[in-house]
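Look for subunit A in each of the two complexes below; its partner is subunit B in the first and subunit C in the second.
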Partner chain A sequence: MINIDRLYEKIQVETTPLGLDGFCYKLVELVMKSAINHPAYTYAALTEALDGCAIEDLQRALNYLKASPINLFAQQYQYVDADGVPHDISREDLQAAMLDNALSHPEHGYLDPDFKERVYILYVADKTVIQL
Partner chain B sequence: MNLNNILQMPDGSVVKVSFLQEIAQTYDSFCDLVENKVLDIALDLERNKPLYHELGEDQLTGIIVISLKAAGFDADHDTFRNGHVDLLVKNGRYEWMGEAKLDNGPAYLMEGFRQLSDRYTDGNPASSRGGLLIYTQKQNKVTFMDGWLEHVGANYEVPVACTERCSETLTSRTMHSHQSTGVDYRVRHIPISLYYKPTDKSARNSAKGSSAKRSKAAVKKPAKSAK
Partner chain C sequence: MSKAELLVRNLKSRAGINVAQNILRTAKLPSAKSWTAIEAIIIQAIGKNPKLYDSLVDALSVQLVCDLKATSYFSIDPSKTLAVKSVLQKVKLHKGEMLDAFPLSVTAAQLKQDDGELKIVHSFSDAFGVGIIYSRKRVFTISEEYERDKFTAPMLKQFPEHDKIVAIKHYHHQTFDVVYLNIEHNVIELRADITRSDVLVQTVKQQEKSIDDLRKKAQLLFFSELKEKIFESPKNLFPLIKKIYADPAGAIKKLGFSTVSGSIKTETMKGGVDLRQEPFHLNGAKAINHQMTLFEVAIIWHRIDIDSVNTKPELYVPGTHQNSVSLDPRCDFAILKGIRSNCDSNFVLKKIASFSK
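Right after this comes the complex of A and B.
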């Protein structure tokens, strides 16, 4: 858990030289405005929330905020199968799929060689790490 | 954006590197990503010497840690691993450690090599690579590295095999049998040149100007505190 003032101070000191402070502030504000404690975002949603910023800048700001000791975001993977049904998959599932060149369907077990087209990265925030 | 979109991005893309390091399948692929990123950061430091050449060991390493975090690596400074390791990058059970030293002579650097090799790392296969980051203010990085590697070979108790210098990065690798496990322990020696003595007229004048400002400030300070 990190105090909001301490978080802003940390962002200012550590990310201003990298030109990421503005993006980090906006991401924190976005999470704080959420009505739920664990909002999930796609790259598209985050890019839009940050006024169409470059994806590389967005990624660097996300990386900073998901690293310890802040841990505001966690990276998760979602597999949308051929029928359009979403399934959360673990990093280990994905590592195995990359090695095998096919993902084992989380429910039915069949192997999907086109999984790379169907796996998306989600960033799930944890609003409770910020202490007001 | 799906995985295919990410994998088709250029190799240096932060988005791609962040993803690849997250799902690194082998220890070597993880370490290669870490070392490549450290080399990018080292190059940035060398390309902005006026900003960085007067900073100390901890400040420079702090910049490297924050830059690694922004690049998607789980990096930290001063983590305890049988002592406080300057730079630790983790991914699950994989660990890459870095020891950072100002170039205060070969004996001082050798302490860094020993700390990294004999103290911080356990020598297990998932932590069998590391880096020695050398911040040097001296001229001629090539000559400096030749001398340093010769010193390591002559002064370490275990035979150290040294690979050829990388012509693009001027880094070198050494390998020796880890004393506690017998596993080959590989160290990337990364010299970061902070030698900054420009000889053109405008740079000399600018340096004079800033040193004059610093002297004025230094004179003013005691007067204030005397009140």
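Right after this comes the complex of A and C.
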């Protein structure tokens, strides 16, 4: 948990020299505005929230907010199955799928050889780490 | 290919990885997340522990009985239950390669020779009822596209103005269809295989053929033995959709509905999470005062939270908006997935019975 004022202070001190402070503030604001505690964002949604900033800057800002002690974001792999239902999958699941050349469905375990076209990355924020 | 390798290959194509993981756990063997690793563990362990082979064979057999089925339910007159049971118990198995191989599939060369007729390859009984399995060859097609840059010289000459050639190739797949009598509920379940290959499921048309062929075959079997018609049309599952949506015990995975403002929506939820808990769905439903006409629903029950069985059976009642607005909306079958045993099938049937009240 981190106090909101302390978080802004920290962002200012640590990321201003990198030119990332503006992006970090916007990302924090985005999460604060969310109606739910664990909103999930695609790269496209985040770039848009940051007024179309360069992907490298977005990644660097995310890396900063993802790291300890802030832990505001976590990277999450998602897999959309043949029925169109998305599932969270772990890095280990994905590694196993690479080995097998097919992903075992997270719910039933059936194999999907077309998984590579159906896996993407999401950033899931944890709003509860911020203390108002 | 060794016996063990063949068995693992069959399991891999017919069952979920959790089936193999459970068996390894029960046998106190190390488990793994990938089939590649599991295959290595199984092949090594079978040499020392032949019982492992038997439990894997049993698991494959149970899988073929229960899982990945389009199931239709037929209520029968309770006074006929004993007669139906005896017919199923006394069936003659069809001698041949499919029977010899069961529960493994026959080889591709053997499958090619099959006449495509449904043949009884197995009969079984369990705590809830008795059943038989029919097997046969089905012919499916796959389309392959060849772009112009893949054209050979003769093809270029023959099709000078074509950008793409689509080739329709056929292939064979062995299916396993089940006739099962649940004694307590006096219900015959016709479970038609929904698979089209190791990884593909049948299209709606193909499924309809599977279901129709199985129904005719079962009707004929009972008629020839009992000289009377045992069942007519299957239970209409359409009226259950509403009740499934209202079942607090499961998680709604997929929902199709139309609204009072005339829009048609299909919503899916992240695996394992209940769609009904989602803010978007909650607010949307509230905005139209819950006036939704449901036309399809899929629910997953996490039995560990209900009756301490560690399985996640899924019931999907498929449908279309067109069906829901017709004068006589019907759904004659449900798609069942994640069924690990007849205990799960019985659980689903019990649920269906409770929704019908």
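Just so it is clear, the second predicted complex is superposed on the first by the 131 of 132 C-alpha atoms of A that agree within 3 Å, B and C clash if a C-alpha of one lies under 4 Å from a C-alpha of the other, contacts with A are read in each partner's own complex, and residues count from 1 in each chain.
Here is the rule we go by: a residue touches a chain if its C-beta (ideal position, glycine included) is under 8 Å from a C-beta of that chain, and two chains touch if they have at least 3 such contacts.
Not measured: the values here are computed from a predicted model.
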(message) After the overlay on subunit A, what do you see for subunit B versus subunit C, clash or fit?
(response) fit
(message) Tell me the contact category for A:P86 with respect to subunit B and subunit C: first, second, both or neither.
(response) second
(message) Touch test for A:I121: subunit B only (first), subunit C only (second), both, or neither?
(response) first
(request) Based on the superposed arrangement, let me know which partner A:A44 touches: subunit B (first), subunit C (second), both, or neither? (result) first
(request) Using the touch definition from the top, say if A:L20 reaches subunit B (first), subunit C (second), both or neither. (result) first
(request) Check whether A:D5 is in contact with subunit B, with subunit C, with both or with neither, and answer first, second, both or neither. (result) neither
(request) Return first, second, both or neither, reflecting whether A:D100 touches subunit B, subunit C, both chains, or no partner chain. (result) second
(message) To the nearest 10 degrees, give me the subunit B-subunit A-subunit C angle using C-alpha centres.
(response) 130
(request) For the combined overlay, can you note the least CA distance between subunit B and subunit C, rounded to whole Å? (result) 13
(message) Residues of subunit A that sit at the subunit B interface in one complex and at the subunit C interface in the other, please.
(response) 95, 99
(request) Provide the residue numbers of subunit A that touch subunit B in the complex, in ascending order. (result) 14-15, 17-18, 20, 42-44, 55-56, 59-61, 63-64, 67-68, 75, 91, 94-95, 98-99, 115-121
(message) With touch defined as at the start, can you tell me which subunit B residues reach subunit A in the complex?
(response) 1-4, 6-7, 13-15, 18-19, 22-23, 25, 63, 66-67, 69-76
(message) Per the contact definition, I'd like the list of subunit C residues that touch subunit A in the complex.
(response) 12-13, 15-19, 32-37, 68, 198-199, 201, 253-254, 268-272, 279, 298, 300, 312, 314, 337-338
(request) Within their complex, state which residues of subunit A touch subunit C. (result) 35-36, 81-88, 92-93, 95-97, 99-100, 102, 104-114
